[in-house]
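Quick one: this structure, given as structure tokens, is what I'll be asking you about.
Labels for the chains are A, B, C, D, E and F, by order of writing; each one numbers its residues from 1.
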Amino acid sequence: MSQSVVTDRIEPNRGVIHWFRFASPYSFYPMAARLEPWFWILAIAFGIAGLWVGFFVAPTDAQQGEGYRIIFVHVPASWLSMFIYLVMAGWAAVGLALNTRLAGMWAQALAPTGALMAFLSLWTGAFWGKPMWGTWWVWDARLTSELILFFLYLGFIALQAAIDDPRRADKAGAIIALVGAINVPIIYFSVKWWNTLHQGSSVSMTKAPSMAMTMFTGMILMALCFWMYSIAVALRRVRAIILEREAHTDWVQQLPEVKA
Amino acid sequence: MKAILAVVRRDLLLAMRRKTEVLTALFFFVIVTSLFPLGIGPETALLRKIAPGVLWVGALLATMLGLQRMFAADHADGTLEQMVLSPSPLGLLVSGKNIAHWLVSGLPLVVLAPILGIQFDLTAGELGVLMLSLLLGTPVLSLVGSIGAALTLGVRGGGVLLSLLVLPLYVPALIFGAGAVQAYNSGLGAAGHLSLLAALLVMALFFAPWATTAALRIALE
Amino acid sequence: MKAILAVVRRDLLLAMRRKTEVLTALFFFVIVTSLFPLGIGPETALLRKIAPGVLWVGALLATMLGLQRMFAADHADGTLEQMVLSPSPLGLLVSGKNIAHWLVSGLPLVVLAPILGIQFDLTAGELGVLMLSLLLGTPVLSLVGSIGAALTLGVRGGGVLLSLLVLPLYVPALIFGAGAVQAYNSGLGAAGHLSLLAALLVMALFFAPWATTAALRIALE
Amino acid sequence: MIWSSASEFFAMGGYGLYVWGSFGMCAVAMALEPVLVARREKSIVQSLRRRAQANKFDKEDHQ
Amino acid sequence: MLSAHQLTCVRGERTLFTGLDLAVGAGEWLHVRGGNGCGKTSLLRLLAGLASPAAGEIRWCEQPVREDLQAYHQAMLFLGHQGAVKEELTALENLQLAAELDGATLDDDEAIAALHRFGLKGREHLPVRFLSAGQKRRVLLARLVTRKAKLWILDEPFTALDTRAVDMLGGLVGEHLAAGGMAVVTSHQAIPLGNGKAIEL
Amino acid sequence: MLSAHQLTCVRGERTLFTGLDLAVGAGEWLHVRGGNGCGKTSLLRLLAGLASPAAGEIRWCEQPVREDLQAYHQAMLFLGHQGAVKEELTALENLQLAAELDGATLDDDEAIAALHRFGLKGREHLPVRFLSAGQKRRVLLARLVTRKAKLWILDEPFTALDTRAVDMLGGLVGEHLAAGGMAVVTSHQAIPLGNGKAIEL
């Protein structure tokens, strides 16, 4: 860890371009600023297209009526909540192994968005379950493991928030993220087994309406929208975190928005 | 090896001196499981049904309460620093603390569980399965818990933060443990659940001390 | 009065600084209540039956875990000594701490309970009674708990000893609180239970600060 | 076009509460998160600026 | 004004001292001396009213302290081994909240002036947990300036302080005495202050 | 034998020192001096390997410490601000268990002799929580005698000690140096010992 701080500081002057260049906050900060608007544009474009397909092209479902349209937000949120956790744990592992500070910052920046996606999955699922199953919540395997995933996110965020020293927070967060990543599949299968052993649950999500092509298109478009949104927000948050953590460096103090 | 023994001996000695601590963790288990009949009502059939779940959740909470003290005292008075600086490898010392923790806070739960099970009108067979599931499960709780304990060391709001970190990770042990009794009950046999629990134990034995050691080093940076 | 306000303000400020502490106590409540279905099984009818008991026991445990920190930090760093030495009467300062504790750890439970009740498939009416019972009951938990917190101050193994002291005292609140929902459910109406809970609250308001003050003086001797 | 009127669109075949409840929460959350992040960034920049000024005064003091 | 008569202190089975008499008048200070474990801290806790003596009596303005504890506490400030500062709060907040607990209010300027006096310039808004051992001690000692008390009871006030801070604190006690205050101090180091009595335990 | 090269220490956003060089040879000792909060404790933690420097390197016998931590820890003894003694255990038990953790065994006679040397005669079997501030410190310091280490790193070892104990400890360090040992010490007081270098932070 000692070395990384130094090399990161020296790198800009070295003039040699190699891949790790963008692993230094110094060079990543302006790049993130350049990338961010593109992801916003993509997110909005996919969002408009997805909503159009979802509300005006996709036909009414035979069994569920119009209520099924919740799928266009529910499934993207569910997918991303799981995907972001994997990415976060991946960054954490990189940070722990290679000691690049940016990796820890990415993990920290992704967590709130991942938690938000998990929350949206729970919320939209509940709002779907009420009309379809007649109840806001059942202890189905998927639902339960999504809930636990949400808790894992909260644990990660709370741990990082409780530690003041950013270097320590990164490493401690990395350990809990990795331990969680090992546990997510275990939890998923244990919950699945737990539920199916007792009773055939009265409803099952895999019996979802046979999906029409247009519905599928809409879902994919919305998933892309959520994905781009997550990247855009995370980029913004990474920038904020870089500013906060690198406050003592010269290059931050020389930034125009700081000097002004 | 000598270092492991030294740590186990030391922690047991300390536990003997702080007798109340050990005993009250047990009493906590007893009280929590006894609170449920009070909150839920005295129907025997209902109580028998929820008994494995309640006993396992009780064991889980009782273990969790003790977790925080696993390293906290050693951290506060600087002993942990001395352990890091000691010539023996930290991983061994951590294993020693894990063993001591289980002996002090896991094993008594296993022994006490049948007595509490009687309160819920469980049969001898069910009690046996319950004990076996706790025997395999409580070391998992200690091992996984020690990761959380190390991570929250010296962190503000440590106690409850610890539960937030650790309780979700306890879910598989809880499901298989309580599930074993229920499966036995419903005639399916507990073997499946118990072997899964054993697999969890092996995995925890493998990975947890490593993660705990890493977390401790971070905490002391 | 000014002293009470100063204490409340100070404790709330501290709670804001230690945000995680407050939030994680809530999460503990959430997680514990979510663990029970995992231990007990997913049958809706069974879960609905045990819901009031589980939620009340959860609230009780969440309050209890926070209790220990009520005076501990102030004791460890000597602030409590300074409070005893302050010209304002200690009873007022204690009441201030009680109020702050309830605002931080009781009120959020009341607000959160309905959401968790949904997980157990409770109806709107049941949720209302549950909230009302918690609104009357959680101040009792804070007040009675503060006596235990003061008594176990600086005592080794205080945390678990505290639960040992306090949990039996919590039993009446638990019985009336969980009972209110069940009575409502069975068509008897919750009024009886709720008024008993209110009576408990009045008694606690009267006696608890006095006992806590006495206990604090003893702890500091 | 599937919808014959705006009110039919908003009723969502009787599922209005649930559909709009879901989409609405998503919209609110995804609008709020960027705002919160931007506010955080702004407050960080402000504190950096304040610190830069304090440093400048410190140096002037020393001279 | 502060006097103790025939004090006896027992800790465990050990009698630390018996028949101890002492008196401190306006403008005077008392240096409590003695080796490790001879009972200095125990004596100070008796004088502050935090523990009660096995025998004997403590008087303030000729009145037994027990009779009007509140008035005594109003006039007395005790700073012990322990910090009594909250690690999460900033130095400034710590000082102001301590004042509020005493029923007074302390405006920002006054509090900041006190902190500057103790060499904490530029660290008023840093949470105390980031401060070094000596800096934490200084936050505590700043109460000497903001809380106007007639009697100071200080248990090893010089620990962890660097030499400049030691001189400064010595000067502060001197001013306090000159203004008619009183002080009871333990310390293993010599204290260069006039008008003092020493008591050897 | 112990040397540090171009050390930089960063705490929070504050750079406490940069480009610090130091070397301590056999029979020499180093007095780390400086006002409150200048980074003495932070430096000692770096030297002990409890924290890692933002830049620079620490060497033991010309080898970077990171490369063979275990050998370094075997040769080094660090005593910090904190007690590292268990309040529930007696002084004797504390000393023996500390030795066992280091992989050594300490028989009763040897341990008791060390405690007597530090003036704890008659208190070997008293739980440490009953001891006074200075007595607790002495229990900790007794490890200097029982654990044979070449390098001592001591953070403010003189706090809470009475004058007799201070002299005794000074003598002990002197003996250690005469036998070819090394020491790094912080203290706000002067230390009357030969063969010393001082470093001002």
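What we mean here is this: a residue touches a chain if its C-beta (ideal position, glycine included) is under 8 Å from a C-beta of that chain, and two chains touch if they have at least 3 such contacts.
Nothing here was measured: the structure is a model prediction, and the numbers come from that model.
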Neighbours of chain F that also touch chain B are A
Most contacts overall join chains B-C
Note whether the interface between chain B and chain C is symmetric in residue numbering, meaning over half of all numbers used appear on both sides, and answer same or different.
-> same
Give, as an integer number of Å, the spacing between the C-alpha centres of chain F and chain D.
-> 53
Determine the centre-to-centre distance between chain A and chain E, using the mean Cα coordinates as centres, and give it in whole Å.
-> 54
Euclidean distance of C-alpha centroids - chain A vs chain D, Å = 17
Round to the nearest whole Å and give the separation of the Cα centres of chain A and chain B.
-> 32
Shared-contact residues (touching 2 or more other chains) in chain D = none
Specify, in ascending order, the residues of chain F that touch 2 or more different other chains.
-> 12, 52, 88
Contacts with 2+ other chains: residues of chain A | 151, 154, 158, 162, 165, 191, 194, 198, 247
Within their complex, chain E touches chain C through residues 48-52, 70, 73-74, 76, 78, 80, 82-89, 93, 97-98, 100-103, 127
The residues of chain C that touch chain B in their complex are 18, 20-21, 24-25, 27-28, 31-32, 35-36, 38-41, 46, 49-50, 52-54, 56-57, 60-61, 65-66, 68-69, 155-157, 159-161, 163-164, 167-168, 171, 174-175, 178, 182
In the complex of these two chains, what residues of chain F are touching chain E?
-> 11-12, 34-37, 41, 81, 119, 130-135, 137-138, 156, 159-166, 188-189
Given the complex, residues on chain A that touch chain C span 126, 135-140, 144, 147, 151, 154, 158, 161-162, 191, 194-195, 198-199, 201
Residue positions on chain A within touch of chain B in the complex are 148, 151-152, 154-155, 158-159, 162-163, 165, 167-168, 171-172, 175-176, 178-180, 182-183, 186-187, 190-191, 193-194, 197-198
